[in-house]
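First the structure, in the form of structure tokens, and then the observations on it.
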Amino acid sequence: MLAGPVRQRHDQTEIRIAAGDVVDVLRTLHDDPAFRFEVLADVAGVDMGDSMQVVYHLWSETTPDWLRVIAVDLSRDDPRVPSATFLWKGAEWMEREAYDMFGIIFEGNRDLRRIYMPPDYTSFPLRKDFFLADDAARSPGQGVRHMEQVHPPADSEAPIRRARGR
Amino acid sequence: MAVQSPSLDDPRVLVDTPAAIVDAIPPYAPRSEREAEFYALGDGQMLLNIGPHHPATHGVLRIVLKIEGERIVDLDPVLGYLHRGVEKLAENADYHHSIAYTDPLEYVSSLFNELAPVMAFERLLDLRVPRRAEYLRVLSCELLRVSSHILFMGFMALDMGGLTPILYSFIERDEMVDMLAALTGQRMLFNYMRIGGVNGDLNHEFLSRLGDWMSRAGRQAEAISTLLNENEIFVKRTRGLGAISRGQALNLGLTGPNLRACGVPFDVRRAHPYSVYPELDFDVVTADEGDTYARYLVRVEEIKQSIRIIDQVLHEMPDGPVMARIPRRITPPPGRAWAAIESPRGQYGCYAMSDGTDQPYRFRIHDPSFVNLQALVPILPGCLIADTMAVNASLDPIMGGVDK
Amino acid sequence: MNVVPRSAPRIPALWLLLFALGGLGTLVLLVLIVGILSGVIPAIVIWLGGVILANIAIVRFIVAATAILLFTIPTAFVIIFMELKVIAFMNLRIGPNRVGPWGALASVVHGLKVLSKEDFTPTGADPTVFTLAPVATFVGSVMAFMVLPFGPGLFGVDLNVGLLYFFAVGGLGVVGLLMAGWASFNKYSLLGGLRSAAQMVSYEIPLTLSVVGVIMLAGTLSLNGIVQAQSGSFLDWFVVRQPLAFLIFFIAATAEANRTPFDLTEADSEIVAGFATEYSGMRFGFFFFAEYVNVFLLSGLAVVLFFGGWTSPIPWPWPIHFALSPLESLIAILVLLIVVPVVASFLLAIPIWVIRTRLSFARAFAMGMLLFGPLATAAVLIYLVINLDALLGIIWFFAKAYVFVFTFVWMRATLPRVRIDQLMGLAWKWLLPASLVNLFITALAILVVHP
Amino acid sequence: MIPVPGKGIAKGMALTLRRFFEPKVTVQYPEQAPHIAPRHRGRLELLYDEWGALKCETCFQCAMACPIECIDMGGTDTRDRFHVHWGPPEQYAERREEQALRRSGRPVPDPAFRSFDPADTSRLDALLDAEDYDPQRLLPILEGTQEIYGYIPVAAIKHISNATGIWYAEVYGTASFYEHLHLEPPTSHTIGICRCPACSLFGSGTIRTVVEQAAGVALGGTTPDGTLSLEPSDCHGENGGEPWVTFDGIRRAGVTASNAALLVRAATGAREVGGMPAGQA
């Protein structure tokens, strides 16, 4: 079921799973008396440049580590992942946020709409191909692009910053 | 049949059919099941907008209440009026800059907003922080926790119509903030936590102010307790209101005093110790009722625990540097780190990814207020309009943190 | 260049005014002389006097109404200032301290500010009702003043159903609030208006019932009569015989006056400003004034009903009464004010002049005046207080009333607000039964004591 | 313990009444200055050294480092020609208006850019395109601009700034730093005088005085008609026993104080009378 090696660093253990296994894995982690991960610390989306990820952080009193569950390799064009609201109702808004910022669709979330951006907004701001109006990274050490200046918009050929390493 | 949604700009609507505005149908097709369900008004129901500019919404929260008379049927909190895109900004700034961006998130307790990312970055860098710096972090954070909780008491009273407690709490907060200004150099957005330590050592003025304050620590908190704790009106309005069960609280992802008031002793300082908390002696305050009054009492008790911690920290403060030796431009090796701390509102987390450059690749702030605010939706239906404010105040959200 | 020739020399405006006044004065004098000589003016005076004497009640009413209207404004200002200052002091603040001595004019400046602001009518509001609502509220409060006895003989009208009239007219204020809530076209206002209607209707009942005991004891509905029934020492006050009734009355009066902890109609942290949400300018000012006038009104009523009105708590032990006619007392006052200081100063200055100290006579005289002037004034005041029951009564009445105003303000500084269901529950489940019980006990006691 | 109804309320009322008589904590601000900690760093201020000179060197480091871009620097250069503005334009109201006008397509009356004369930017566009609008290739862009116009006009600086996203101040700073880049139109003739101690020993000082008097402008300036500019030049220690004077960049030997005015006359076309500058005659 694991889609990658288990890593441990500092006080965090990391497992990687495929998007299809999220329901089973989370349910097992939550319900199995050996795990009892009762607290969902965080749900976050990540844009890896060529794919998307959803990162869950869990806490259990059975282990001294935070558990990081990463659902890897979501398609950038249609990222879909099952919702965690069936276990933690509190995941609803965090998933809404991930949808708002990355466009990740959480199937099963009853209230999947934008939470921060206005309802008629069309972009997903935290994606890596969304450049800031004054993006210091675009002109290293040189300064800033201004909102009103003519510059290549997000659909240009300027390279997307992709995650190097893991 | 396509429903022609009324526009507020249409003069005819205003003159001829005011009811069309009163019914405030969203000017777009509902985008989720829940929204469709919410905006379908039953007989005798009406929508009431509380906020975004409302005296009692702790910032710019907008709550759309569906009410029948005074009774709440359903509600839909609308966020985003204070959204600043801090995560995106931080991903486009270098590591030191990102900390400055996180400062104004939860403006009531900004040291905690700095601490979480700083700890995450330190984990990315495999950096060890000098012990004196750890103690200073704990000291300043606990001071701010006291201030934040006292402010909570005042605002809770204010939201329920009491005028005086908020001013007493601001007396205390003002002292605290002046004191921290002597330590950090700023009154509100401290920018004190730095990667590898803190931005300044103890100084005479801070210590004299702190000693002054410690001699009468919590005086105003006690005054507010006298005003509220036994006050029949206050107790009657809060006891049994908005009760959350243990399972429901965990399911909702509540953290901090809100969770502890439901009987779950989850305090990140104990559940997953960081900094020097394992060496300090304090109790995790819990209550069993899970109602608004219990949430209030838990916070009142936490003030005392924090004062206890401050006392210990002052006695055990080691000597040494307050800053690790790190370069100005830091490029952590590629990796991921998660750091969670116990802020006055609950578990404040920061998830940082590095790709080897000097800017964070992904910078995620998990704010406890954001999750705690969700609890309004299940617990408020059935209550009255006035209870919205009491429950909202007892959950203690800070919209700067909720909206990021 | 086209120069306009100066047609008239420039006269200062002041001189022009004086000329005009002089002309006018001469004209009036001429008319007067002619009128008196021809006997027209005496006839008019006699006729007018006859009319006034014949309609003395109406004249009294008009005078009283004017006096009360004029009186409400400073009262509201004083109470607003008190509210600002007392709450500030209880909050460990200083409060207003810039305008006037100790900031005493802050409320006046507030009033001027409200007057100068735009009077805004929101789109969708019903303009007529929206405009009339503050008037209705204010008129209700002011009309209730008419029966309130400030001192012996100092009242607008002594109705024999005074208390009934008071409650009836006081209830008019609710209509204004309801009108405001409905006409504002705002959900907060509507909620506020409905809350106020529900609250007032509920609290009128315990308020009125709690007073019935007092009525039974006094045997009259006239407020004057009730006060006279309590004359004597403070042991004769009805609060001693009706403590429960007073408690109920006080709680219900707090609710009637929309004061914390029962200020649900304008609960600022819940429904923004309730019925007043859409009001601005002087319309809001009327609501504001009416609220504070109401506070004074209910304090005054509490004093009249339970605390002996204008009677002093301890009967004046020395019945000194110079039986002087008004003219004689006027002469006496003048003598006291003018002659006594001068004579006394001379008496003080002459020895100094005789001994020839370095002090000049003029300076000694001035010092004497400064010394004896205030003394003489104080003497006049004491004389007046002793001799004019009205003045003493007014002082007692205001002192007692302001104790209650202070209590209202004090409660506002301390207490949180109750919830609407608790408010109604208190009225119907506790206050109403309690007042009924009080009523029965009083009736029983009267039956037993005076069968 | 039997709860007494009203006890809590009574306790609260007692507390507020006690507080009514307690000393107040209000700080009367303008009269009573609050104590500000020595460590307070909430105030931006420019420091002066012990001689009273401004310590700021206008290096723009602070403006560049400020994460929220609240530091803004602006001013005119020493000749009051180029308005140097560092920081995002959103910060100033007049700049906002300027942008609103620009967006709406109307002309932009901006006193900060009085010297902004429009220039034909088609060749500059081609150049920028060839350089890929790359901010890191600013120097080649500026050199090419000088080749196109003969100097670097303000219009070109603004155009480069807009097209590449480099701040105006940075382009200006680069252009003014390099000596071979000129911010002014080239004049017909240039007289250069070296001011090094060696040349001064041989009389370059007097030559300079004569030339300045004859031309009516100071060293570093240009005559009002633009025919002659005086500039400092450098002999690099090779003056060979006489002052280093150049005319149009070519060394002229044998120039002395007596014949230096001839150089000026040669440049301005001999329209002067008795040593008075041509413009004032």
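Labels A, B, C and D are assigned to the chains in the order they are written; within every chain, residues are numbered from 1.
The working rule: a contact is a pair of C-beta atoms (placed from the backbone, for glycine too) under 8 Å apart; a residue touches a chain by one contact, two chains touch by 3 or more.
Computed from a predicted model, the values in this text were never measured in an experiment.
A.B. asks: Counting C-beta pairs in contact, does C-D beat B-C or the other way around?
C.D. replies: B-C
A.B. asks: Give the identifier of the chain nearest to the protein's overall CA centre, each chain being represented by its own CA mean.
C.D. replies: Minimum centroid-to-centroid distance belongs to B.
A.B. asks: When the centre of a chain is set as the mean of its C-alpha atoms, what distance in Å lies between chain B and chain C?
C.D. replies: So the centre of chain B lies 48 Å away from the centre of chain C.
A.B. asks: If you average the Cα atoms of chain C and of chain D to get two centres, how far apart are those centres in Å?
C.D. replies: Averaging C-alpha atoms per chain gives centres 70 Å apart.
A.B. asks: Where in chain D do residues touch two or more other chains at once?
C.D. replies: Residues 9, 12, 15-16, 19, 25 of chain D touch two or more partner chains.
A.B. asks: Among all residues of chain B, which ones touch two or more of the remaining chains?
C.D. replies: Within chain B, residues 93, 164, 171, 227-228, 231, 233-234 contact more than one other chain.
A.B. asks: Specify, in ascending order, the residues of chain A that touch 2 or more different other chains.
C.D. replies: none
A.B. asks: Could you list, by residue number, the parts of chain D that touch chain B in their complex?
C.D. replies: 5-9, 11-12, 15-16, 19, 25, 35-42, 67-68
A.B. asks: Which bits of chain D are touching chain C when the two form their complex?
C.D. replies: Result: residues 9, 12-13, 15-17, 19-20, 22, 24-26, 28 of chain D touch chain C.
A.B. asks: Using the touch definition up top, name the residues of chain B that touch chain D in the complex.
C.D. replies: Going through chain B, the ones touching chain D are 93, 97, 100-101, 164, 171, 178, 181-187, 200, 203, 205-206, 223, 226-235.
A.B. asks: Can you list the chain B residues touching chain C in their complex?
C.D. replies: 14-15, 18, 21-22, 46, 48-49, 54-56, 70, 157-164, 167-168, 171, 227-228, 231, 233-234, 236-237, 384-389
A.B. asks: For chain C, which residues count as touching chain D in their complex?
C.D. replies: 86, 89-94, 410-411, 413-415
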